[in-house]
Amino acid sequence: MDIKALLDEVAGGQVSPEAAYEKLKEADQGFVHLDYARKERCGYAEVVFCSGKPDAYLVEIYQKIYEQEGEVLGTRATKEQYELVRKHLPQVVYDEVSRILKIEKPDKKRAGLIAVCTAGTADIPVAEEAAQTAEFLGSNVDRIYDVGVSGIHRLLERTDRIRQANCVVAVAGMEGALASVIGGLVKNPVIAVPTSVGYGASMHGISALLTMINSCANGVAVVNIDNGYGAGYMSAQINRLGYKEGGNQ
Amino acid sequence: MDIKALLDEVAGGQVSPEAAYEKLKEADQGFVHLDYARKERCGYAEVVFCSGKPDAYLVEIYQKIYEQEGEVLGTRATKEQYELVRKHLPQVVYDEVSRILKIEKPDKKRAGLIAVCTAGTADIPVAEEAAQTAEFLGSNVDRIYDVGVSGIHRLLERTDRIRQANCVVAVAGMEGALASVIGGLVKNPVIAVPTSVGYGASMHGISALLTMINSCANGVAVVNIDNGYGAGYMSAQINRLGYKEGGNQ
Amino acid sequence: MDIKALLDEVAGGQVSPEAAYEKLKEADQGFVHLDYARKERCGYAEVVFCSGKPDAYLVEIYQKIYEQEGEVLGTRATKEQYELVRKHLPQVVYDEVSRILKIEKPDKKRAGLIAVCTAGTADIPVAEEAAQTAEFLGSNVDRIYDVGVSGIHRLLERTDRIRQANCVVAVAGMEGALASVIGGLVKNPVIAVPTSVGYGASMHGISALLTMINSCANGVAVVNIDNGYGAGYMSAQINRLGYKEGGNQ
Amino acid sequence: MDIKALLDEVAGGQVSPEAAYEKLKEADQGFVHLDYARKERCGYAEVVFCSGKPDAYLVEIYQKIYEQEGEVLGTRATKEQYELVRKHLPQVVYDEVSRILKIEKPDKKRAGLIAVCTAGTADIPVAEEAAQTAEFLGSNVDRIYDVGVSGIHRLLERTDRIRQANCVVAVAGMEGALASVIGGLVKNPVIAVPTSVGYGASMHGISALLTMINSCANGVAVVNIDNGYGAGYMSAQINRLGYKEGGNQ
Amino acid sequence: MDIKALLDEVAGGQVSPEAAYEKLKEADQGFVHLDYARKERCGYAEVVFCSGKPDAYLVEIYQKIYEQEGEVLGTRATKEQYELVRKHLPQVVYDEVSRILKIEKPDKKRAGLIAVCTAGTADIPVAEEAAQTAEFLGSNVDRIYDVGVSGIHRLLERTDRIRQANCVVAVAGMEGALASVIGGLVKNPVIAVPTSVGYGASMHGISALLTMINSCANGVAVVNIDNGYGAGYMSAQINRLGYKEGGNQ
Amino acid sequence: MDIKALLDEVAGGQVSPEAAYEKLKEADQGFVHLDYARKERCGYAEVVFCSGKPDAYLVEIYQKIYEQEGEVLGTRATKEQYELVRKHLPQVVYDEVSRILKIEKPDKKRAGLIAVCTAGTADIPVAEEAAQTAEFLGSNVDRIYDVGVSGIHRLLERTDRIRQANCVVAVAGMEGALASVIGGLVKNPVIAVPTSVGYGASMHGISALLTMINSCANGVAVVNIDNGYGAGYMSAQINRLGYKEGGNQ
Amino acid sequence: MDIKALLDEVAGGQVSPEAAYEKLKEADQGFVHLDYARKERCGYAEVVFCSGKPDAYLVEIYQKIYEQEGEVLGTRATKEQYELVRKHLPQVVYDEVSRILKIEKPDKKRAGLIAVCTAGTADIPVAEEAAQTAEFLGSNVDRIYDVGVSGIHRLLERTDRIRQANCVVAVAGMEGALASVIGGLVKNPVIAVPTSVGYGASMHGISALLTMINSCANGVAVVNIDNGYGAGYMSAQINRLGYKEGGNQ
Amino acid sequence: MDIKALLDEVAGGQVSPEAAYEKLKEADQGFVHLDYARKERCGYAEVVFCSGKPDAYLVEIYQKIYEQEGEVLGTRATKEQYELVRKHLPQVVYDEVSRILKIEKPDKKRAGLIAVCTAGTADIPVAEEAAQTAEFLGSNVDRIYDVGVSGIHRLLERTDRIRQANCVVAVAGMEGALASVIGGLVKNPVIAVPTSVGYGASMHGISALLTMINSCANGVAVVNIDNGYGAGYMSAQINRLGYKEGGNQ
């Protein structure tokens, strides 16, 4: 709906104020929102959560986003979904570890720096989902894996690298203590990702989530269990503030 | 321990390499850390968590930080603690709503912008803890209170203001839906703070915490229940990236 | 047991008061209840919960209800159960999305209006169970899907349609915030259905359930996780009050 | 903001279309919402949740709503709040059992019928909050208390009365079985209210909440623990459909 | 309602069968129940749960039951309630440990045997509630206290005494292991009562409850946390089967 | 160890008191326990919990118990285990519903009466485990299935049958309200068995368990989820008190 | 019971084997246990858990243990209990921080070494309960407080001291990460004590407990929340193995 | 980094103090840690947690540790992993019960004594993981299986054997009472291992975990559910203190 045009018509007498009022009311709250496409509103184009998407819909959404954006990012894809999409978009690339299925613009520039750390090797799939999401959204990523607190020297040896980052993603299962230790070592924010790695009283990640929410360190906030994508997205948002001039000064 | 002086003594022959090695080893891993005072390491001086601190210790820590920093911030202070500290530091200021007890440098410059939003009026004490913490740490804050989702127009009318911020703090109890709605409206990160406001199945904030952790919106991470301070701190870190040139480019 | 006849016999002296008393006592509490068949008592005929029903019993119950009512509604049916029942009742119809297996009278009139809304596309199977149940029980249904709160404009654009309904069913997984937002926009009751859509701290729908139970909006009540049938049934009851003259005035 | 007046000014040339557009945009999405005062949008005026409201604010909100509506309803008020409000609005009435603090129009007509049932006498305060809320919102209420399932005859003797109602509110703590039994006896919807009555494994009402959410009966939906107000509100919405002609036919 | 008298009137022609039918129907399903006073239906007269009873109601119910039964048993009474009731019924007796407030027939015969065991001394108030309830209901009770499993010999030395009982009540907080050990030593049923004794992860008795529900021993069933009354009641029911001839042979 | 023989040897001088003392001490606390075989100690021979037993061990234990007792009862057996045991003990009988695998003495006398009730048809496997266990242990069982509280007349019509029993087993999933209603109708004890029947917030039977533990009725105690065996065992113990003369008078 | 004397009497013919057998059987399982006084059985005399002990019993138990042992240790004592016991045992000493109330032998030798570490200053009361318990039981203790992981250098600087200990007690609330970090730094066992320090999602220590139970480090085991006594006791047991020659070689 | 050499160079003038300072700072906290290899730091070489390890990595880590240590221990291995590793290291040995995959030095000396006890036979796999881990780490182990508390004599008969051990591992599922009973019988520490054996309210071991954490016995600490390895490791640490002279005296 073109509100400006409508107002011009009111001014020009083609439309009465009463009729204009009805039209505006009809369009309701939604009228302004239509002006904000997601990229404008949120800063990044839509990302596809592939898990459980019906085949036909998956192909269609990949094609549509690719047409609009020239690239497309999807998470939690299966190998079967990769085979399917590839038939229609042969340039699509699949990473079995992160389960990311994407077409990325070849000339993408990355800026800033995010450090993605894991406690163990079993946390790497979640970390890669975070890292590759952040890279797709324009960030440089430094991967620092297997630096869990039961051998604290592994982490401490890498403190300087971690301190370079505008944002740190801390990925850990079991007791999830990594986020607190990193929180105490760095200046910039830490996004903590609990993982479902563990057994017994880890309760599929609930224990690690609780640990991270109760962190005694400052500057730590938490996303859902195994939500590498969410951490990658938010760290990219934060990193963008660090390298862009567009921040509110 | 003055490592530089020790090295000079080694170079000057006053101390043998063997003796220097022993001294370094004795200081253990900590020796380098002494160079990193908290402010250097984390970017902000220590903040006092007043709750439950014994009287003598509380006064001492306020005096010590004030001497070092020329200002001091404390959270969760009681009125009694205010009376106590005031006897020793008459310039201390207490805010009953946020329970913040502080001495702030008079000429402090603030930069950037953080939006602090609440669902209801009962969430304001937690929001003020966040807002005043962020202000103390150098951020401008726009308070947008009582914009809960049960009257969604209240929030939508203020969307443009919220979009100005480098970071949004969303404070909500009961069902905690505010964070998800804001997450879908803005470009920059949202720090969600569940509050213990509610009754029955709110389980003292656990329900709101779960809501926020499961947020369907991107760019939302969560801190502990009622942890206004933590949200204020992290939003100040994020905001700083938006206005400082020091970010990793 | 014919109580009137018995009383006549007592009056006529064929049965002594003592013998009548024993007969009444024997029939116990149940005697009046036998007069209330389910349809009379509850307003709708029995619905078959197919999940886990043994084959023989399933066929029998479909046949029996169909004979009595001329139609039959079943939920949570598998494709195998469809094949089975079809052999005996070839006119039976199966919907793979809602998993509803039914024979419906061809000339059924529908009245009133129920709006069934979902947060995401993954919530549609539960929503369809609700919608098709309500339709079978005589209600018109307006389906408004994929209007989750992370893109609030999608919901707001459809507010006027939702406001037409005598009852709204709000179906959402993950953080379940949809019900609260709708509750604040409409005049009539909202039945909230948490779904098991989500992962990690969604705890198979428990988080969405808690969100909905703690809703800050008025006029929201909640049914079990994934219980589309229950929401469809209750919304039909409510809608019936809106179009029938039989309500208690 | 008076949109109609603005449009008249555009039509009359006092305001340019450009300036009008800016004004509309400034008011943002909210502009239409101002047309929907709560009563218009939700059907009832605002109700005051008194618990924890600061004194000054409480008095102000009571005065303001009373001026606008000629009556005002508040829940969870303390005796102290009653004393306070009475100083400014001497006609205010307080009920210690339900903790409702109100001024009600003297000539209010009530219509339809709601049955409010409790399992025990300890559930009565919650039931009264429900009953008096529904009465204030224009419904007739039949109170049927102390009919818990451990003496099932008490409930069965009153089945006919319960069946008269357009909506039933079932209030129960401990094991909360009442809602399921009533659900199986009536034709119209049941709003179940778990209460915190009980001890030990009742977990302050969580057990009763779970019982009610898992109800094997059709037509039962649940509100928060001790949320008599919410049940009263929703039952009034449902009852209104039963006696008003305004339902969607 | 006197059904026999009514039937006599029908037989005598004073009441027509139609009028009698209406009267019976009016009394509804309940009509037979009135013949089963609680004592007839359940075998014991009503017991008063004093906790939270309003003063006037408490006195009335004590007087009423005392008149009917010549004795009265109440649980969870406060000292203030004792003082109150004593003014009207001076013969009432209060036990501070069990918080039982009763008037008991002086010549009551007890039969059979129940063993009431506790793990520690802190469990004794709950055990006494059980023991005194069972005694009031006509059972002999052998108290075997402070025989927790951390000093297993204390229990084993008393095995022969425990084996004499027709039913054992096992009262324990903390880890609640007592019930399993006793279950493995005796032939007759064990009623397990978890108590809220403990701290930390005892979660006010939930841990002990879970222990007892998961008991590896046969013949153990569980009542609510701190529900000494419930255990005393059920053990009296079981014991009665052991000494009465009225059991179904 | 034959203590009597040892004492004879001491008396006869073949063994010195010192040597006897050492032998007794060696046997430790256990020495007396050897005199109490399980049947003597607990009243019933050992029952085999088949689930997960290795094949060789399963066959051996069936053979051993059969030799000693002339019969053998096992629960939670698979069809594969039946095939296996049948090769060695061809007279073994398997029931697919209850999953009980047994050889029972042909001339077994049963006495007393237990009523086993279920809320729905899906609870029948658990109920059959209870019923067949109780029958094997010597009790008569009256099966009263599908009498859940959502159609309360089904239960009430059978009250007289239920009241005949020395003990009632109430088996229910979902909201588990059946136990409370029965508890209010009968004189003898009720063993409540929560089942894992249900979905969503039933949490695999935890909700039904909580309902039953919080029962407002007297004389109800609870066993583990799906523990039909445990309920059958305990009800047999209770029933035995009702028909045996051996109870402690 | 003097078994040796009995056997002598059997050998001497004063007691028949039959009578001796009856006597032994009567004494039941307990007979050997009487030989094991607690100190003999468990290695330490009984410790008094003062919390909730009635006054008379408290005094008696302090007097009795003091007579037997010449010293006495009590935990969780109030100041009032101190005043009370002091009237009867003037030499008793009370520590307000640990709430330990004791009389200790003046010449007690301590051996070995236990390190007691805390994350914050608020954990010190629990740590002191552990430390003073271990000291009373004969161990040397090195207190290393306020070394939480959010400033990891504080802990690392003290690693050498911690490594000297035969056992480490790690006391932490909030997220409880301290135990895992220490577990990775030392050779000897770590007893982890979660504390109730924290708020919100710390759930009174449950979160810290879960963290510690899920520790990714080897050699960490956990006691109950705030159970300083338990950790002090077990660390003393472990330390004793390190300095005593009595260990099983 | 060779700090000694660096200091020599400073002393010799080859490196300036400033440059040396920078080098030290660069190496950061990590520099000292490199001196502590795991075996030095923790007393045992690394153990492989096989579950979920990718094939290539698994083989590599087995080869590497075997080269360094001459032996290698892995836990939670599948049969497939055994087949895989065997191709490269034919001397590897696999135990299906404990799922331990190892190469052990042929001449290993064991010392001291650990008792590993289980409640039932289903707990044996976890117990064997504990026992074989402890044996690999140099301890003698006495296996005492199937001594659960429902037949307490089985445990009591073996008390003397259990008392010989420097440390006891108590493995139990269901209600987990075994640990408390053993804790009351022995002088040395008990490591409790909850197992996931059980069903229903055992909640996959959470109930047993809670039982053990709340143990009323002294000297009991708990590891994660099914964590036999952790218990074996810690018991070996404790046992080592009992037989080694290296303890801190």
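In this document, chain identifiers A, B, C, D, E, F, G and H correspond to the written order of the chains, with residue numbering beginning at 1 in each.
Everything below uses one rule, namely that a residue touches a chain if its C-beta (ideal position, glycine included) is under 8 Å from a C-beta of that chain, and two chains touch if they have at least 3 such contacts.
Everything numeric here is computed off the predicted structure, so don't read it as measured data.
Novice: Average the CA atoms of each chain to get its centre, and name the chain whose centre is farthest from that of chain H.
Specialist: Checked the centroid distances; the maximum from chain H is D.
Novice: What angle of turn lays chain C on top of chain E when you fit their CA atoms, given in steps of 5 degrees?
Specialist: Answer in degrees: 180, to the nearest 5.
Novice: Thinking of A-G, which of B-D, A-C or B-C forms a repeat of its interface, with over half the contact pairs identical?
Specialist: Of the listed pairs B-D, A-C or B-C, the one copying the A-G interface is B-C.
Novice: Any idea how many Å lie between the Cα centroids of chain G and chain H?
Specialist: Going by mean C-alpha positions, chain G sits 24 Å from chain H.
Novice: For chain B versus chain E, what separation do you get between their C-alpha means, in angstrom?
Specialist: Centre separation, chain B to chain E: 55 Å.
Novice: On a C-alpha centroid basis, what's the spacing between chain F and chain H, in Å?
Specialist: 39
Novice: Among the residues of chain H, which ones contact at least 2 other chains?
Specialist: 28-29, 33, 151-153, 156, 184-185, 200-203, 206, 209, 213-215, 218, 224
Novice: What chain-chain pairs meet the touch criterion?
Specialist: A-B, A-C, A-D, A-G, A-H, B-C, B-D, B-G, B-H, C-D, C-E, C-F, D-E, D-F, E-F, E-G, E-H, F-G, F-H, G-H
Novice: Inside the complex, what are the residues of chain C that reach chain E?
Specialist: 3-4, 7-8, 10-11, 13, 16-18, 20-21, 24-25, 28-29, 31-33
Novice: For a test of understanding, state which residues of chain A touch chain H in their complex under the given definition.
Specialist: 121-122, 151-153, 156-160, 199-203
Novice: Of all residues in chain A, which touch chain C in the complex?
Specialist: Listed in rising order, the residues of chain A that touch chain C are 26, 28-30, 33-34, 36, 38, 52-53, 57, 194, 196, 204-206, 209, 224-227.
Novice: Can you list the chain C residues touching chain B in their complex?
Specialist: Listed in rising order, the residues of chain C that touch chain B are 119-120, 148-152, 156, 174-177, 180-181, 183-185, 198, 200-203, 206-208, 210-218.
Novice: Once bound in the complex, which stretches of chain G touch chain H?
Specialist: Interface residues on chain G, with respect to chain H: 29, 41-44, 47, 111-113, 153, 156, 164-166, 184-189, 191-192, 209, 213-215, 218-224, 230-231, 233-234, 237-239, 241-243, 247-249.
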